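Okay, got some structures for you below.
Presented sequentially are two complexes of chain A, the first with chain B as partner and the second with chain C.
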Partner chain A sequence: MRFLKAWRDSDAFNLVLVVPAVGYLLAFSAFPLIYNVVMSFQQVDMFDVGTLIRPLRGFGNYVDVFARSEAGTVLWNTVLFVVMSIVFQLSIGFALALFFQLDFPGAKWLRGLFLAGWVMPALVVGAIWRWIFAGDFGVLNYALRSLHLIGGPVFWTSDPSIALWSIIIANVWLGIPFNMILLSVGLAGIPDDVYEAAALDGAGMIERFRSITLPLMAPTLGAVISLGVIFTLQQFDLVAALTQGGPAGASNIAQYWSWQMSFETYEISDGAVVATLMMTVVAAVALIYVRAIRHEQRA
Partner chain B sequence: MKRYLFLVVALLLAALYLFPLYWMYATALRPGGDLFRYPPEIWPSHPHFEITRVFLTYAVGRYVWNSLVVASGTTLITMVLGTGAAYVLARSRHPMVSVTLFVILVLQVLPPSLMVTPIFVAFNQLGLLEWPRLAVVLATSAKTLPFYIILCRATFAQVPGELEQAALVDGNSRVGAFFHIMLPLARNGILVVSTLVFLQSFGEYVYSRSLIASTDLQTATVGLSTFLGANAQDWAGLMTYASIYVTPILVIFILLQRHIVSGLTAGALK
Partner chain C sequence: MKMLAFKLGLGVIVAVVSIHNASADPVTLQVWAQDEISHYTQVLTRDFEAKNPDIRIDLKLINFADVENDAIRAAATNTAPDVSQIDNPQVATFASHNLLLDLGPFVANSKVIHREDFYPGPLTNATWQDRLYAIPRGANTIALFYNADMFRAAGLNPDAPPKTWDELYTVARKLTDPAAHRYGLAYSAVATEEGTFQFLPFAQTAGGDFDHLDNPGTVRALEFWQKLLDEKIVSNDVLVWGQVDLMASFRAQNVAMAISGPWELPTLDREAKFDWRVAMLPVEKEGSPRASALGEHAYGVFKSSKHPQEAFRLLEYFISQQGRNWNEFGILPSVKTVTTVNPKWPAAYAIFAEEVQYAHARGPSPMWPQISKPIQVAIQTALTHRADAKTALAEAQRHVDQVLKK
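So, the complex of A and B:
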């Protein structure tokens, strides 16, 4: 009884611990989120930055942004960037997770080494890849030429038709460890006897993968894909280090475009429009993710 | 026998994956002229580390110091605000807990490159840009705090509730039980998660780039991106800069590798 009473009396202590953190997040995260939506309906440029009362533009900014000549390219690039990053991160990550599931000495430790990619600052990763991608003296072109896969040098970051792929490749490299580790956790959760039973029934390796691994991994795959979309939509540093959206906007993606409008050309309301639209997408994916992991916990 | 074959394949895969990190060090060890040679030298034949030149040309010391200031400030704010909140969210059965957790999870995913527009305008109006590094610390903490709370909550949830109840029955106050029982028992988890927060904010780029105008106060990532734009010929110098900057990160990573793996997986799927 005394214990129960202590818990009830201690609501004040709970509040003292929680309120500062929640208040901080409301002030520095939720408020900017709302402020961003407000600015997307106002006229905001370098002269209006200091005031709160700015001319209202309604949906005018939204119309302006979509009327820009680069809007179509950016939208398509963003879709391509997200889809291709996820497809390759997930398939390579899954393959590695399955491989490191095998029983051999040092499997866990070697698998952990891959996370070195995850702790690296993304901007430094972008810088290293830019040097690997270098046209005339880059090591990637050298390797591909030695294998006779390409004839002449490929200008990875300056050829408009390829530049986006240089960002995708670097982003896949960054995303592999995270995908692999989370999928490994999911794989470890599948009990061995399920496989043994299937093996006794005469199911081959591919049959076991298709009828046991994939269905049982579905919730984990869902969570990993939504996290992958969220992280990919956060990727900014690689663009800054590799192409700055160039050449001539050929490799620009929405999050970098939004930043460029706000901080390079000072069309802040247009930057806010793109940011608002993108955050709606991110929030929608996050809702799916949160519901998925809640569902899993209850099950 | 088959197990050793797998081991060899695993070593090859790890080497292939980690090649970019090797290439950073290998490039840093080559004298400038050797870089523009074809075919490139995979193994540097005259290893030579130009630390002094890079420190003088690129002011690495100043940039890394600014990154340290930002990362320390961010980690401090995150730990002070987040630890207690994580504890309550792990223990309390109040109906508001699930609502708060939901809000925290959603706030965690907001991309800094999009949040920086409203943050820049608001901080400008509040005059916070007068202290640019503080501005970066405040903005980055809003990003690391949800991550920290969610991972630390998992750590607190692992501490058996009986230990805390016993302390309360023995006459400890809630405050006493928190500081004398819970904090010491969750200490290792808290330290690992704090280290992750430190590493993240040490590599932060968007906020530093956008909120800090003065070169003297810029962080290491912004310095590197500036030199990438202006001086992308001196790759030996730039990779030396990068090596000086990330070697401490990689050392911490190797020391904590096992804990980082388990901490991460606990946070993302539970």
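So, the complex of A and C:
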């Protein structure tokens, strides 16, 4: 017994706990990350992915990527995609979270059912939205036409000025449940007596939201936004299912572009450049997320 | 002492393994293939195993788009299979990287496979720098499917399908009926290999090609596609429709004519409740050369294979069964000496069998995907009027030149 306790307090035991965790991270996270960064500085051929020793190109690949005619469009599309997705996911998710906070009969059940959309694989979601968005026999156009909102069909996925927005709409739909659940948890953590005290002081509903809900929710909001950015930058399947980045690259975003270069045209170095740049952004956001979490725990 | 025992033990193991191999134990071949609706590889490897007890097949089925990527990665890490299915324009990619076995010497001694029996298209795609690196299992191509009932309803003669672009335009226009949500024609302009596959025949009949994109013929072909789209004879959604999608619209009678290949016939036969027929792909003008696209797959043997003889026997078996290609798998034969007995859909068979003779191979180039991409971009850029056909194709030609120069 005493031996066990001594063992548990020993440095060796700590080491036993630390080594597998660190080993796992090194093998499955750090190695691929570093491998990708290294590839972005090398001249890589699909046929020598098995080695690490390849001709060095330095920043040449980075220059190449930005010199491509589609680089500007992809960059702007990615910014638009991330910002718009987050703005709508968050505002609609927050509104729903507040709504379900009202605690009407069946509120908990209904809130749970919202998750049904979120647990579906994105590729399935993509296939469903493909039918909804179909120009000639799609459900959405049928509904809009029946309501006399549009005259002719809207080509949601094949009109270059709309295609990106269609992907954003599908992505917002996909992200709302997750945002709502996380924000609901945050809302549930605010004690009722704070609101009651404020009500006694004569604060109206809007005043209570502004001076109690928002400030107390700030850490949660920060965390949800950070996670939203990370998830949105990972969103690949919807693009693949809906537009393949088209028409004419009009709805291409960085993650899909990176995949196209790596696995469609085998320009792996250039694909790795985009992946590396995206990783930098995600790492920065993750840092903010970790800080937000720390605040939350303190609070 | 311990070391000695260890070595002795190892010696015994080695000896046992050698004896094991010397006896008539079956050889196992690793075969990678696409997971296809026709189950071509499953069916034929099973039949092959039944006839060849000395060879076992370990078959791995891979998603349509991933076979080549997986095989390349496997070859790069020395874990390549013995045999892999390869889409025909990609054979050059594998061959130029020295991954495939030169099958020339095997064919020279073969009683089943003779190089001169192959149609030129499939042979071109299986060859790289005059050496044969893969065995094309068959061929497919595209033609014009049309709804004869709609022809009659529109007062058109269903026995005289359009032969030239002008006729195609006129007929498609007549068949278009926005009130009934019906388009006259559908082609695929999707931003994948399928878009290139469908567009090149139009360029080729007009005198252009993948390496002559700024040629006036290629420009006229793209302008013709553009006109059909602009006048709403073709749905805007062809920019995102693959061939399977446009044939779904054809079956649902939302499209009167559609361009696709023989792989559609079983589904069409099962589901279409109307008089459908197949016609040759229209040429630009009377007297213009016929052109079509050459599709289908080949099987290559990896250089790293330890059982090349057995692997080649499997490929010989595939070729020996080509008489089954059409009726069982919807694939045309790739060798001239094969006759299909009692072909299903005989009228469609006759059209496709004739069309495949005009089928152009894509490439061959080890950089095919990098050539195909700018073509897809040019098609979509022109069809969405981000640039005119001439400018878009000139830009594509610039990219292709860069790739071909490398």
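The rule is short, and it goes like this: the second predicted complex is superposed on the first by the 268 of 299 C-alpha atoms of A that agree within 3 Å, B and C clash if a C-alpha of one lies under 4 Å from a C-alpha of the other, contacts with A are read in each partner's own complex, and residues count from 1 in each chain.
Here, contacts are C-beta pairs under 8 Å (C-beta built on N, C-alpha and C of every residue); 3 or more make two chains touch, one makes a residue touch a chain.
As the structure is a computational prediction, the values presented were derived from the model and not from experiment.
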Superposition on chain A - do chain B and chain C clash or fit: clash
Partner chain in contact with A:I293 - chain B first, chain C second, else both or neither: first
Which superposed partner A:T265 touches (first chain B, second chain C, both, neither): second
Which of chain B and chain C A:P160 touches, first, second, both or neither: second
Which superposed partner A:Q89 touches (first chain B, second chain C, both, neither): neither
Contacts of A:G50 with chain B and chain C, given as first, second, both or neither: both
More chain A residues in contact [chain B versus chain C]: B
Chain B versus chain C as contact partner of A:D136, first or second or both or neither: both
Partner chain(s) touched by A:N171 [first = chain B, second = chain C, both, neither]: neither
Colliding region between chain B and chain C, picked from 61-69, 133-141 or 313-321 after the shared-chain fit: 61-69
Common ground on chain A, meaning residues reached by chain C in one complex and by chain B in the other: 49-50, 134, 136-137, 244, 263
Residues of chain C that touch chain A when the two form their complex: 69, 72-73, 75-78, 97, 99, 181, 183, 190-192, 235-240, 249, 252, 254, 369-370, 373, 377, 380-381, 383-384, 386, 395
Interfacial residue positions of chain A with respect to chain B in the complex: 2-3, 6, 9-11, 13-14, 16-18, 20-22, 24-25, 28-33, 35-36, 39, 44, 49-50, 52, 96, 99-100, 102-107, 109-110, 112-117, 119-125, 127-132, 134, 136-139, 142, 146, 173, 176, 178, 181-182, 185-186, 220, 223, 227, 230, 233-234, 236-237, 240-241, 244, 255-256, 258-259, 262-263, 268, 271-272, 274-275, 278-279, 282-283, 285-287, 290, 293, 296-297
Footprint of chain A on chain B - complex, ascending: 3-4, 6-7, 9-11, 13-14, 17-18, 20-21, 23-24, 27, 35-40, 42, 77, 81-82, 84-85, 87-89, 92, 94, 100, 102-122, 124-125, 138-139, 141-143, 145-146, 149, 165, 168-169, 174-175, 178, 199, 202-206, 209-210, 221, 224-225, 228-229, 232, 235, 238-239, 242, 245-246, 249-250, 252-254, 257-258, 260-261, 264-265, 268-270
Sites on chain A touched by chain C in the complex: 45-50, 69, 134-137, 153, 155, 157-160, 242-250, 260, 263-267
